[in-house]
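Heads up, there are several structures right after this.
Two complexes come next, and they have one chain in common, chain A, joined by chain B in the first and chain C in the second.
Presenting the complex of A and B:
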């Protein structure tokens, strides 16, 4: 009896001990910063001065009145465009790959390539390929179609389009892998039964493949929207000061600029807090609506 | 017989080839540029196979830039982070999967909630904290938080270990094995493939991280690979020595690429599993 009690105590002690590092991380590097962020958003905290005073909702009010914030918000919404593009393309590629065509494994390595490369390296290649005068893209446009290519790097409208193309290109491969795994989980008997009933392959796709992939699509679109809304490094690395007329800047870029260029930590924290709340609400809505179109199994 | 393609495979095959072409062209162009003499870069129309092929850019990057220091620092940070984080994460995963202690469910949900908050949002308050700790311009911000564990690794390994038989624990306990030994000598080896996959992901994320090092360090001798090539890029943008920049970026991608190709099997498995159950 006593021995058993000791064993249970052992389990408790070691259990807590084993998760201690992870919980320490949670506490010190997540919970404290999060609290600090919310607290700071109500102050005029500035890195340059030691004083910080409580200012109530002042930061929130002035950010809602800032044109640049709204511009950045619109640009951030623009960054959602790649999501349907790469979801559809990667689903196509996954279905093609699932047919066990020759060279299957080589394809997979190639499709991962953009995903495993660092953003810095990708931006460097991209800047070179989209160079308005000497870049590959514009020389192709010139020699094949005889047209003058756009000024990708300096015209904010085209820079945004370029970033959208880059994000889609980067994520197609990895998204396709998720779809491929989901495709392999669809029991073959479903298709056999459909064929017996004389369903066309298009009908099979609509009635079997698409619903069976819907949980993966939900997961990918949630992760995709959260990721797209946080687009930041592309803006920072492709432009100076968010592009002409603030035409490329996103909300996170705006936040970063306020914090580290203008030293307005309190103000930046207000933007960060508000925007996190917005992301949380959007994710919540997505989960709520998902019941209508996601197949949840028997 | 096996090499013969079925007719129904022709369209998928062409589709995959087109996709693969789009994926690989930028990298091929990067390599081509890296092998050119600086003045040949601005030729119109662009030249795919450089003549002459000029390898000296690949030797020049080591002497003319901070890349060597970058590699040294990145290797140091990455190794420390993956060793520590693999241990702390798998320990936590084991406890969440196979042990019983008060508050377990709550702790787990707390950890998962960290995934909901955008990372960049935490960077600002973290910056303020590290300033207080005098951690700015040291490796501490890059190592300490990461070494304490990685939430997605904990989550994934917990799933994996839950699937392993609990009878192993009972049997080991009969033999007088303590929990640390059960973890280290039974569950760690059994989770080998899952740990390998997650370690590779962690390697990739740590090696490729730019924002952390760019924000928390300033000294030249603390630059990581990513910061070094980014600095090289902004410096050479004025000097217009494009091939050197391309060569450096290519070299910076190589470690991850090499690891990824050699361990491709684990990698695919890892994505497949985390993706669906995620």
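Presenting the complex of A and C:
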């Protein structure tokens, strides 16, 4: 009895030791900065100055009246568009990869490549592909259909569309890998039973595959939404100062500009705090709603 | 040191406990071997991650050590080369340590490293640590250093940031040093370059000096002589510069061809030059009111836009986005372009045609021309513990004759020292023939960019991001200026408010 308790105590210590590095990292690199950020959001901290004067809610009030913030927020919402697109496409890719076709491993590697490539390198290539005068896409449009392609790099609306296409393209591979792993986990017995009952393959997909993939879909949509809301590098690399009329800038880009370009760190912290809160609420709603459509086993 | 030991202890305890746990678990005789294997692998991952953490901290300790041993070696070597036994070792023990931070390409970094070596020879009791940061990360790095109180003693500082950095008390006031030092004479430096770093507590360009000009750059017009000859155009002289109409006429003659072979007469025209020479400006003389809706301003902006949309002698916005004018000119597909003195090296190596400089055209309304000049400076931190040594380093790096010579010979800049610029630089046997076009700007009609007079430059970047709609011909200059004026004014007001908050 006594020995057993000692053993349990031992195990507890080992457990704590095991998670200690991760917890420490979380504390130092996440919780402390978060607290500092919330505090700084109530001050008029200039990035170049050590002094922080407490200004109360002033930052938040001027933030809500700032046209640029609302523009950036709308642009950020626009970045959510690719999520359903790449979720559906990658599910199809995953099912294709799941078939025993020669060479499917090669495809898996190819799908994965965009995800591990450096974004700066990708942007350089995309800038070339989407170059309005001699880019690949517009040249194709011109020679095949005889139409004048859009001004991808200068017109903010088209730049946003281009970024959305790029995000989808980049994430399809990794998402497909997640789906593939989930597909492999579906016991074959379900399909056998369904086949015995005479279910068509479409019915099998609706009744078995989709529900069994729903936990993965939930995870991917949460991660995808958070990722999309944090779009930043694409904006910074494709545009100067957030595009014409601030038409491409996202909230994170706006925050970065405030903090490091215009040195309004206090104000930037207010944006960051408000936006984190928004992400938190969205994720909360997602998890709450998920009970209705996510299959969690018997 | 104690801190390090503690970390090592923790690491040791962690590794030991993980190891023991693994062994215990292995030899207790479980049932499922597979599970056991998985746990072993997990344990190994843990151990390795801890080890790699250790390796990181170990590396840091390692990098410190060679410095220490080198210092010791220096100490040992010093008496042998020095004249007496005691003094050198004493002085090396009291060596003043300076940090210097900047950005730059490989050539610039090599130049500066060589200069620092020279400085250390000239001032044997000072040692300089040179930190190089990519230009794009530079301000972020400086901001982080300032907020953690570890700013370098000497650092690059753009004119745009002088007001912000001086108001936040980060810059050492170098006025007295400039007046009393024996490394350079104040009146031998371009007044325009030195004025960049003046600030009197409210306005820039006047008052005390907060940095020294590391380099100075002028923005003149470069033209393709071969294209001029085949179009039968003679370039204007210094005494009789063109006006806008003559410039447009020349551009129309130069423009020819279609598609890939299209040759444009001119690059997009410098907005600053057009607006200032027409007697207008973005802001009033107190830098508190937007004045972009004056008829002079609108006329100048519309003229710049017309070159691209109406006369089509300059590339459109999308054509410019596909192939920048800079590259277009080098490929021989552009007649005239505004160019900075920093681009001389590129022009030397990339142009296989004859080229030269000319002055900016005058506005037909005022008969005057104008354009901006730029540069970056070397500032000394107000927190520096060795202000005198730091000032000497800044002056040495900024005004070293040898470096200035290397720099202009490499086609990177115009000398900051006036006697050198008007002397050996003009005599240098290299293109452009009309080097005076650069010097006329620095010593004459050049102006400091309007946005560097205000605390925040947000109003200016917003103006620029919107003005493309005029260049694309979607709106007229009149419509654009009246529609954005109020928004820009409120940004300017916010900038003034931020400035007042720091006072």
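By our rule, the second predicted complex is superposed on the first by the 266 of 298 C-alpha atoms of A that agree within 3 Å, B and C clash if a C-alpha of one lies under 4 Å from a C-alpha of the other, contacts with A are read in each partner's own complex, and residues count from 1 in each chain.
To be clear about the criterion, a residue touches a chain if its C-beta (ideal position, glycine included) is under 8 Å from a C-beta of that chain, and two chains touch if they have at least 3 such contacts.
Being a predicted model, the structure only gives us computed values, none of them experimental.
Undergrad: Who does A:107 touch here: chain B (first), chain C (second), both, or neither?
TA: In the superposition, A:107 touches chain B alone.
Undergrad: Between chain B and chain C, whom does A:86 touch in the aligned arrangement: first, second, both, or neither?
TA: neither
Undergrad: Identify the partner contact of A:130: answer first if only chain B is touched, second if only chain C is, both if each is, neither if none is.
TA: In the superposition, A:130 contacts neither chain B nor chain C.
Undergrad: Figure out whether A:12 sits in contact with chain B (first) or chain C (second), or with both, or with neither.
TA: first
Undergrad: Of the two partner chains, chain B (first) and chain C (second), which one does A:244 touch, if any: first, second, both, or neither?
TA: second
Undergrad: Go through the superposed model and pick first if A:182 touches only chain B, second if only chain C, both, or neither.
TA: Only chain B is touched by A:182; chain C is not.
Undergrad: Under the stated touch criterion, which partner chain does A:254 make contact with: chain B (first), chain C (second), both, or neither?
TA: Touch status of A:254: no partner.
Undergrad: Give the label of whichever partner, chain B or chain C, reaches more residues of chain A.
TA: B
Undergrad: Regarding the shared-chain residue A:33, is it in contact with chain B (first), chain C (second), both, or neither?
TA: After superposition on chain A, A:33 lies in contact with chain B alone.
Undergrad: In the overlaid three-chain picture, which partner chain does A:21 touch, first (chain B) or second (chain C), both, or neither?
TA: both
Undergrad: Need the overlap of the two footprints on chain A, from chain B and from chain C, as residue ranges.
TA: 14, 18, 21, 47, 134, 260
Undergrad: Give the list of chain A residues in touch with chain C in this complex.
TA: Contact set of chain A toward chain C: 14, 17-18, 20-21, 44, 46-50, 53, 67, 131-135, 151, 153-154, 240-246, 260, 262-264.
Undergrad: Please output the residues of chain A touching chain B within their complex, sorted ascending.
TA: 7, 10-12, 14-16, 18-19, 21-26, 28-30, 32-34, 36-37, 40, 45, 47, 89, 92-93, 95-97, 99-103, 105-114, 116-121, 124-129, 134, 136, 139, 142-143, 169, 172-174, 177-178, 180-182, 184-185, 215-216, 219, 226, 229-230, 232-233, 237, 252, 255-256, 259-260, 265, 268-269, 272-273, 275-276, 279-280, 283
Undergrad: Which residues, counting only chain C, touch chain A once they are in their complex?
TA: It is residues 14, 17-18, 21, 46, 49-50, 53, 139-140, 143, 146-147, 149, 161, 164-165, 168-170, 317-319, 321-323, 456-458, 461-462, 464-466, 468-469, 487, 498, 501-502 of chain C that touch chain A.
Undergrad: Would you tell me which residues of chain B are touching chain A in their complex?
TA: Within the complex, chain B contacts chain A at residues 3, 5, 8-9, 11-13, 15-16, 19-20, 22-27, 29-30, 33, 41-42, 44-46, 88-89, 91-92, 94-96, 99-102, 104, 107, 110-111, 114, 116-122, 124-129, 131, 145, 148-149, 151, 154, 173, 178-180, 183, 204, 207-208, 210-211, 215, 226, 229-230, 233, 242, 245-246, 249-250, 252-253, 256-257, 260-261, 264, 267-268, 271-273, 275-276, 278.
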